[in-house]
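In the two complexes that follow, subunit A is the common piece, with subunit B as its partner first and subunit C second.
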Partner chain A sequence: MTRVSAILPERGLADRLSTVFWRRPKLLLLLLISPPLLWLGVVYLGSLAALLLQSFYSIDEFSGVVKEEFTLKTYGELFRAANMDIIIRTLLMSTAVTITSAFVAFPIAYYAARYARGRWKAVFYLGIMLPLWSSYLVKVYAWKLILAKEGIITWAAEGIGAGFLLDAVLALPWVGGNSLSTSFIGTWLVFVYVWMPFMILPMQASLERVPLSMLEASADLGASRKQTFRTVVLPLAMPGVIAGSIFTFSLTMGDYIIPQIVGTSARFIGQAVYQFQGTAGNIPLAAAFAMVPILIMLVYLALAKRGGAFDAL
Partner chain B sequence: MHSEARASTGLKIGAIAGLLFLHLPILLIFLYAFTTEERTYQFPPPGLTTEWFAVAWHREDIWPPLYLSLKVAAVSTALAMILGTLIAAAMARSRFFGREQIALLIILPIALPGVITGMSLRSAFAVMDIPFSTFTIVLGHATFCIVIVYNNAVARFRRLSGAVFEASADLGANGFQTLRYVLLPNLGSALLAGGMLAFALSFDEVIVTTFTAGQQSTLPIWMLNELVRPRQRPVTNVVAIVVFATTFVPILLAYYLTRGGSETAGGGK
Partner chain C sequence: MTAAVSFHRVSRHFGSVRAVDQVNLTIEEGSFFAMLGPSGSGKTTCLRLISGFESPTSGEIAIFGQDVSHVPPNRRSVNTVFQDYALFPHMNVRDNVAYGPMVAGVGKAQRHAKAEEMLALVKLDGFGDRKPGQLSGGQRQRVALARALVNEPRVLLLDEPLGALDLKLREAMQDELKALQQRLGITFVFVTHDQGEALSMADHLAVFNEGKIAQIGTPAEIYDKPRTRFVADFVGSSNVLPPEVSERLGGGKRWSSLRPEALRLVAPEGARLAGTVTGLRYLGAGTRVAVDIDGTEIAALAPSGADIPGVGAAIGLAFDAGALHVMEEA
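Our next item is the complex of A and B:
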């Protein structure tokens, strides 16, 4: 009787490689991680570095050629009145969109988290996820149809005899305009429609984590529904609301397609970036403008971290 | 338990109104594809016709952008599936120095607004004198598609128990056999779902693309131009329906592929 080794004989290269990887797990890790890290490091971080670099260049006013030497002049241009207007307008719009989104998203998230069961749970999940993923341009286009002067809103308003109300809204200073599709109200509506779904999911996640026992305890202690909601549910859901607001705020701030298609001729940060790098050929100023949302988001994220928003992501 | 049993009427109305707000506007895209009015968005449409589908079919400026979009989405998805799976495999099973930073690096391309990703790439092309081409579009798309595949793959990796790999090794399989017969069959549907979502995202992307395309036109860029300078508006609606369907079907399939698990696809974009 021959003795059989407890260790199988090697059957070729694949076995030998497997042994090497087993003995040196770090080597396998390195092999796995280097291609994607190289891609993200070179393509993405490299590009961000190029953006930072470009923002410290300036453009020669006479020849229009980019001068490749370090200067803060381009950042200084951001503080010109016209450019400050763009930044402030964008911040106000992002704030308005975020607050509105929170109010519209909350009932959906709350119902989905607490009351939707079985088939309804699936309906709500798909109902939230499909608009989130479906085509961005198609969504914007749909609103161009809705808000057009000859579109469905005007038709409906006149149909129920509320045409005067629509005219009154459009006659408002600042936010009004010739029609809804050429007013800030229109821009705001479309922003809320497109970015609000991003707020629902983090909200829902934090609402699902509110323990039922706490609600029971609150009821046992004699709190009414309203009191329980205000003093127990809402504070516990706050991290989710803040986490969601990161998305709506950041996405609104960077968007330049929506204000271009629905809105006035007043520009937002994204449009400024796009125009300076394109028709104006001023890449340094475009890069400096693109740094503004990055800096604002860094501050926002630091504040959100204090509010415990990252536990809800 | 009076706070628990049923939702209040106000909440119900709020939730349902919110969902309707999210879904009804899209229906108008379908309606306007059949209108006989081609210059305005008049509601209700003065008449209905199906001629725009034929007109769109014969419009020669639509086909090249469609092919370009399909090509870019296919290449970007393939790249993202390889890179996303590799990084998910590395991140799921080990703890190492810098892991948190890498996790942040992966989500950064979709966490920052698209205009920043786009402008960064545009700056890099300017610094290095890279001319615009299909390749420059793919560069941007693959970068933000990696995270989609990664999210799906890493969730599935987490659910797989380490014991199956040990069992496979005990039965005499080497690493490559385990990969072929144990890991890939378990990972397959998650990867497929991730790939479909990545395809949908890339096919529809417009913000980053406008910075990396130069003079080229993908289907979303074609649509954007039609929105700014409209001609034959119902044709734009026909294309919008095509774009909608091309993204809608993969998203739905991805949902059914991963349904029931703890990691249903599409939880975050």
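Our next item is the complex of A and C:
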């Protein structure tokens, strides 16, 4: 019998490297996570900090020069009637978009998680993701055409004799307007359409993790379908609903293109930030405006946590 | 005696698969009934037919004489301990146990008192505030049991209740379940693939094979007098002898079974069965000796301390006249 070495020979640099990593697993971890950590820490959190800093500066009304002194004056400006209007309008729109998305997305996500199998699951993912493949601008302009006074919705409504219904909707105070494409209803519809995948996917992921036996246990103990939904399905799906709502809510809060293309001339936070940092050159006020959605999201998450939305995590 | 559960020609087909095929079954009130079989034999589907998670393709199911074939699970006076326990992760142990009374509209104070009572029954007093995720497997199993018992079901169904527990805990839980059933006096129906568990716990059991009941009876009947080759082999891994061999041993031209523990190792000269040892398996309490007799492998269980021959040695096997059980299968 020939003597065989218990240790196999090292083959090249890759083998030697992998031996080093095997002996010091933390070194590999460090190498893997340092680029994203640098990205998140320096580029993202750094710019956020810079933004926060800017929001505490103010602008000299006469010269238009940014005064680098700490003051709450800029935040005070947010409470002017015109600016407050923008904040409240954006907040209401984001809330309406989020609630609508949640209601529309839930049955779709539930179907996908509970019933879709094999090929139908693929069809589901494709159907949800496909709209994301085309440019956001193309979709928004398409919607402008669909919703326009000469667009397909008006045409179809008149064709089936429901023109009066459309007129009644457009005659509603605040949300109505000359046509769907120049009303808040139009803005709301486009927002719901564009952000829908971001609501469906997290919801579907959380519903998928609810085992069937849990629903059976609930029925076994005497719960009706309604009771099972309220006491088991909804609480277990809540982390997904919250995750989805964070997407739809914050995306709506920050968007400045959709309200510019579809809707009234009234401004939203995103448009205000865009104008203040651009044409108006008022970086501090733009920064203060940009802090508003962040603060609102923090309050929202704190409330959700207190309400027990993350108990199932 | 009233029948707690009865099946009349019940079938459940999934597409072309006959998961349950024309099953007739009566489970008497107050009994501890086991459904035993390999996976895919239809035992779990039968349990789900009783709980209402499956509807029969044909036939009738009655619980205490009432036809429940088309009654939804939430309206059956039957509760289940699930294989994965299915505890609600977002509720603490007390709320999990109080879930049944809660959906029935019982007030908070009253249902919590009831839950504490049930937790005491399964020896989990003081665990009410914990979440299921903070419990061990054995504790979760007890919570599942308490939750299923809180509604005071007339029949308790247990789906492989001990499958996820380690051996020591499983044996302790077997004794406890048995004691609990005797104390409460309600009918327990439990599904298992572990024949030892079924034999030691049940007072009646049904052996399932390919969607049908192969045999139904008391543990002693099933163990001592298997009706088919399948039952003899599945319950207690008996030696199954082909008709020619049983005829030679004086049993008639039918399949027969011989329990390994009924066989004694003797000298090959003049023995009724003689052959060579082909394998040994040490089992602690004894050694399983595989013997090749004219091409048929027969296993004998030699008690510890006995002289164990080596592999390849010639050996004889002896047994008492009553040990050879001739089955119905020809």
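Some points to look at:
The rule is short, and it goes like this: the second predicted complex is superposed on the first by the 243 of 313 C-alpha atoms of A that agree within 3 Å, B and C clash if a C-alpha of one lies under 4 Å from a C-alpha of the other, contacts with A are read in each partner's own complex, and residues count from 1 in each chain.
We adopt the following convention: a contact is a pair of C-beta atoms (placed from the backbone, for glycine too) under 8 Å apart; a residue touches a chain by one contact, two chains touch by 3 or more.
Note that the coordinates shown come from a computational prediction; the quantities given were computed from them, not determined experimentally.
Once the two complexes are overlaid on the shared chain, A:218 sits against subunit B and subunit C alike. By the touch criterion defined above, A:302 reaches neither subunit B nor subunit C. Once the two structures are overlaid, the count of subunit A residues touched is higher for B than for its counterpart among subunit B and subunit C. Touch criterion met: A:256 reaches subunit B, while subunit C stays clear of it.
In the superposed model, A:198 lies in contact with subunit B only, and not with subunit C.
When the two structures are aligned on the shared chain, A:160 is found in touch with neither subunit B nor subunit C. When the shared chain is aligned, subunit C comes close enough to touch A:235, but subunit B does not. Contacts of A:171 after superposition: neither subunit B nor subunit C is touched.
Once the two complexes are laid over each other on the shared chain, residue contacts for A:111 go to subunit B alone; subunit C is not touched. Overlap of the subunit B and subunit C interfaces on subunit A: residues 216, 218-219. Residues of subunit A that touch subunit B in their complex: 8, 11, 14-15, 17-18, 21-22, 25, 29, 32-33, 35-37, 39-41, 43-48, 50-51, 53-54, 66, 104-108, 110-112, 114-115, 124-146, 148, 150-152, 154-155, 193, 196-198, 201, 212, 215-216, 218-219, 225, 228, 250-251, 253-257, 260-261, 269-270, 273-274, 277, 283, 286-287, 290, 293-294, 297. Residues of subunit C touching subunit A in their complex: 51-53, 72-75, 78-80, 82-84, 86-90, 99-100, 102-104, 147-148, 151.
Partner subunit A is touched in their complex by these residues of subunit B: 1-4, 6-8, 11-12, 14-15, 17-19, 21-23, 25-26, 28-29, 32, 40-44, 82-84, 86-87, 89-91, 94, 96, 102, 105-106, 108-109, 111-117, 119-124, 126-128, 139, 142-143, 146, 172, 174-177, 197, 200-201, 204, 206-207, 210-211, 220, 223-224, 227-228, 236-237, 240, 243-244, 247-248, 251-252, 255, 264, 266-269. Note for the complex: subunit A touches subunit C at residues 211, 213-214, 216-224, 227, 231-232, 235-236, 308, 311-312.
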